[in-house]
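Next come two complexes, and both contain chain A; in the first it sits with chain B, in the second with chain C.
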Partner chain A sequence: MAILRDEWLDLARKVDWEFRYVDDRDVFPEELSGSPWLPRSAWKDWNESYRTSYREYVANQRAKDESVRSVRDALDKVRLVEGLDRGWLQLVKFHNGAFVLAEYAAVPSELRMARFGRDAAWRTMATLGALDEIRHTQVQLLVGHDLLRLDENFDWTHRAYHTNEWVMIAARHLFDDMFVAASAIDTAIQLNFVFETGFTNLQFMALAAMADKADHHAFEKALASIQTDESRHAQIGHPVLRTLIENGGKDRAQFLVDKMWWRCWRAFLATTGTAMEYLTPLRARDRSFKEFMQEWVVDQFVKNLEEFELDRPWFWDLFLEEIEFAHHSLQLGMYLYRTTLWFDEPVPDAAERQWLQSNYPHWEEVYGPMWDRFDRAWEAEGEAGTIAYALPALCNLCQLPTVFLRPGRNTACTLERDGRKYLFCSEPCRWIFEREPERFADHRSVVDRIVAGQAPGKLIDLHEWMGLGASDHKGKDLRRGLEPWRFVPVPKG
Partner chain B sequence: MPTEYELVSSDLHYNYPYNFELGSGNPVVEWVHRHREGSRLQAGDWGAFADPRATTYRSYTELQDDKETVVDGLLREIDETGYDERLPDDWVRFLHRWYAPLRYPAHGLAMLAAYVGQMAPDSRITNCASFQAADAMRGVQRIAYRTAQLGAHRSGVDTEEHRAFWEDSDALQPLRELVERALVAYDWGEALVALNVVVKPRLDRLVNRELFGDLAHLNGDPVLRDIHFSLDEDAMWHRDWTETLLSFAVRDTPHNAGVVGEWVDAWTPLATEAVNKLAGVADLAPIALEPGAMSQRVNDAAEADVSRMLARAEQG
Partner chain C sequence: MRIYLFGYLDDDFYGRVVLTPAEHTVADLAQQLVSWAPVTCRGALFVTNEAGAVLDPAATLDAAGLRNGDIFTVATAGEE
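And now, the complex of A and B:
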């Protein structure tokens, strides 16, 4: 009679032993294992809800990959890919650049938990988490590579994280803080609990639903398949959080959750929010970003908080207000600064404006006039009148332009420390900085670097510095395309 | 046209070298800089290394699923032929005493591979170490499975005893010391050399080919040898990618030969002792094998690995 998994798996999961020749503190240094440093006994009941064995893992994952590959092979015909909506392709370029190497950055972080997590079951789950992230990287690198034939800028799938393009600086700042330069405990709470349990559903499942409607089935299949792995390793967060809270670490837990909630919100409104509502073709828009946030992210997060008897973050009311406006505000900046992006941005057309107004009752009133101005500027001056010639003010925490909350209500604030002045887009960003200044104070935004002479001040040189050298690598107006003035000199013939 | 392996595994660590975005005032960053960029093992371009097996996630899951299918078949043979009922009682006791506790050091090897992976300066190395950490998990789980499977046929087996055997048996203490000390060897290059050049070439052979290979077969437990043959296939790849990596590192930066040599010299005595002590239990099996000859075979083979790697580095 074959034995059931539960009859043997515990022998393999719970394999901690007392060290004799070295000290616990040497094997699990606090800076890598995490704070507070609890006694070994505090961790012994660490348990994952969803168990799996190595044998099941390799079988299941092999089948998943075969399924993704077969869809990719079947649908990779040139004519199918060429038919994709041009705005949708920009979304895919954006997603690829912003997320793919972040997946890989999570590999060493999962391995950090696989080595420095304080319970063997945690370490075992994190090892599978590391493999999952290798998978996510590799599948998406292949999807990106397939699309190169359509658009050279799909090479940003690989190179984005190696550049100093400003969105990528914001991404690295976020991910370094969240897990790349974080202890095992902090990684479990910030990455697994907040980011993965909370937000990645939005990026992967919502996008998959829209990819389906945009007829981009290879991408859809890849995203949906990726998300099935997520719930397995995202579950690492819960037992770590529970252990921390049960052992006097509630304040720390609340801080990490609050901080990372805000940072994830900023990241998602900037990427998913703007892309969903300005790059996705109307026919593929399942729901509004606001509705996705409410159903998939907010409700789930509130339930999770209740489960752990954690409070809602102190900035909750501001966050709820931001859902209505923040990504729309940022989009204006994304359009104006489109030459500093590696993908194109549109001016919303009449039908799109109608959709936006029907989902966001204040949209026309607040944003309509700004977009009207862009349209008029195109007519009067051509592209030259619709782009920026210098960088905007950037937040010294999230690294985004300080455009929040919305035109007419700006939440920017400052701080002075050791003779240096810091700018923030909002109180929560400043609060995060103030709580751990040594972690953030030495960092320089792109604007700081220009002021310090570490980056060129002229935008034309700054593009080069950001990795956007050639004129057709820079973002352009999605519908109007390249204007002749961009070529220096103007090409003949 | 790049291969799939090249497309998906090249140059993926954005923060190497010295390129964290939040690079200062952060103890994790300081640790990484100290033990990764600051390692005694240095190379001009680690990205020039390629896994000889060109392992991708897809190829890994396919390969390992197939291997696990083989092992599933062996375990099914055990279940369906009454194999465990026929095993000699004193061999089963031997396994309870000396085989079951090995899941602890096997997990230690997984932790060590996870350290190498998180600290490696290039994504191709991180990938190899990650897959190796998963292979180590495979080993832990197969030992655990077999232990539970045997336990189901023998009443009164107390799995709680296994940890005490690991922590208290004289024969296992040098191995325990070896694993525990390796766990705090934090220079990433030293961790790699200790784990994959000194410890595993010995331990893998001793466990997979000798004690739970030939000795098992001798004692009427041939299926255990077959299971460990499958696990040993993983071990051979671990040696293979490491040899490729280190011979590249030495060709790239000849000074590395001395560095690797020093680490080998530092770790070999304890590793040799660990083998000698653990091989001693071969004498306690119902049908015994001579421990001295066994440990000689294992230690000699491990040393030959090192010589071959250095010779390969010189040939270029």
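And now, the complex of A and C:
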């Protein structure tokens, strides 16, 4: 007689036992399981709605992989990549470098929850989560690999995470804080609840919709299939948060949510915000980054906060002010320092400027004159007049350049601790640092390393140090390309 | 002795690292930052520290209290 799914599933996924010869605190030490450390009874109602069995998991994942592969196989090798918009290719290169190996870094974090999570169903779910993240790495490496024939810099899909390129130092700093160096509880709230429930929709669903319109179907299918996994294992976050709140851990929960919201916002404005509005072909844009943020991220997040009776982060007004401006300011910096990126950046053309103005009513007035200066500098001095030679001041928390919220409105600030002065792009970055200084104080930004003599101060050597040795590997102006003198080897010595 | 500071031009969009001798004056510092800017600044330059106090242009950086890692802002009277 067959046993029905509903009769065995809950028993199987909640299988757990008590230890006679060792204490729960030794099996689940606080450093790894997380704070506050709650008694076993506090976790007994932990549940999530997917309730996937391993057998179902394997069947589903196989079908997902097949759907990606069938799209890829349906196109012959040439049609897979030819005709893709040049700006779009830069976006894919940017996305691949910044995110693909972070998926791989998430594998041991899911496994940490699979071992040190306090409930059996949580551990079951995290085991599937670890398998998910392996798949996400592999499917995106495949997409990157297919693009190598077009542009060898697509090897940054794999390489970026292992370099000292400044965007990647910022990415690693974020992901280390979010899940690599985090307990099971902190990972569940920071990675599953804030990052995956809150933000990855934007990276995977919004970009997938754009990829469809940009005719990059292999990328589209890969992203969409990844997000179906993310929305499943992201379910780990809710019951962990609920358990914490119901057992006296509300302050800790609020702190982790606020901190990670700000950090994710910083990361997404720098990557998704700039890429969506400066690298995506106009035909592929049906909404602005601001609108995506509002509809897909902010509204959902506010609902989630209300559900848990958590407050909006204290910096909410600053965040709302930034949505209109911050990624446009950062884009100017990305263009100015494009030789330190592994992808190219454009000066927006007339049609793109019109689009920006129609979506951001202050854009032309605030940013128009700054881009005009680049155009004039190109005419007067060529490429050399459009590249920065001074080092940008970097935030000691998010590691991004301390760009003004908008020109004329500077939010940078400092903090002194143990005789060292720290610079921050904004009050929330300083606040995060101040809450856990021992966690962040020893890290050195690229600028700190240069000042301390640990990284070269000369731009040409710094490129090499960041992994961008060869001239044609460095980012360039997307439409104007490189000036011929760049290919003349630099004399050593 | 050289010190490093973080300089912000009032109407610009990001901060720059400035390495400079501590014996230089506040006016020298303002000129150094402005020379990197994409615009030509005209007229008087006002330098303020992080707290917003206006610094004496004739003072040395040391006398003006600027130390490693400090922020300063240069406000310009106008641009070309």
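As a working rule, the second predicted complex is superposed on the first by the 481 of 493 C-alpha atoms of A that agree within 3 Å, B and C clash if a C-alpha of one lies under 4 Å from a C-alpha of the other, contacts with A are read in each partner's own complex, and residues count from 1 in each chain.
Criterion: contacts are C-beta pairs under 8 Å (C-beta built on N, C-alpha and C of every residue); 3 or more make two chains touch, one makes a residue touch a chain.
Quantities reported herein were computed from a predicted structural model and do not represent experimental measurements.
A.B. asks: Mind working out whether A:50 is in touch with chain B, chain C, both or neither, as first, second, both or neither?
C.D. replies: neither
A.B. asks: Can A:373 be said to touch chain B (first), chain C (second), both, or neither?
C.D. replies: Once the two structures are laid over each other on A, A:373 reaches chain C alone.
A.B. asks: In the overlaid three-chain picture, which partner chain does A:423 touch, first (chain B) or second (chain C), both, or neither?
C.D. replies: It touches chain C, and chain B stays clear.
A.B. asks: Looking at A:8 after the superposition, I want to know if it touches chain B, chain C, both of them or none. Which is it: first, second, both, neither?
C.D. replies: Only chain B; A:8 stays clear of chain C.
A.B. asks: Between chain B and chain C, point out the one touching more chain A residues.
C.D. replies: B
A.B. asks: By the touch definition at the top of the document, which applies to A:130: first (chain B), second (chain C), both, or neither?
C.D. replies: first
A.B. asks: In the superposed arrangement, which partner chain does A:407 touch: chain B (first), chain C (second), both, or neither?
C.D. replies: second
A.B. asks: Kindly list the residues of chain A that each of chain B and chain C touches, one partner per complex.
C.D. replies: none
A.B. asks: Show which residues of chain A lie in contact with chain C when the two form their complex.
C.D. replies: 329, 332-333, 370, 373, 377, 388-393, 401-404, 406-408, 410, 412-414, 420-423, 447, 451
A.B. asks: So in the complex, which bits of chain C are touching chain A?
C.D. replies: Per the touch definition, chain C meets chain A at residues 4, 6-8, 10-18, 36, 38-39, 50, 67-71, 73.
A.B. asks: Per the contact definition, I'd like the list of chain A residues that touch chain B in the complex.
C.D. replies: Residues of chain A touching chain B: 1-3, 7-9, 11-12, 15, 17-22, 26-27, 29, 31-32, 53-55, 58-59, 61-62, 65, 69, 101, 104-105, 107-109, 111-112, 114-115, 120, 123-124, 126-128, 130-131, 134-135, 137-139, 141-142, 145, 158, 161-162, 169, 172-173, 175-177, 180-183, 438-443.
A.B. asks: Name, in rising order, each residue of chain B that touches chain A in their complex.
C.D. replies: Within the complex, chain B contacts chain A at residues 4, 7-9, 11-15, 20-29, 31-32, 56-58, 60-62, 64-65, 68, 71-72, 75-76, 79, 103-104, 106-107, 110-111, 114-115, 117-119, 123, 126-127, 129-131, 133-134, 137-138, 140-141, 143-145, 147-149, 152, 159, 162-163, 166-167, 173, 176-177, 180-181, 183-184.
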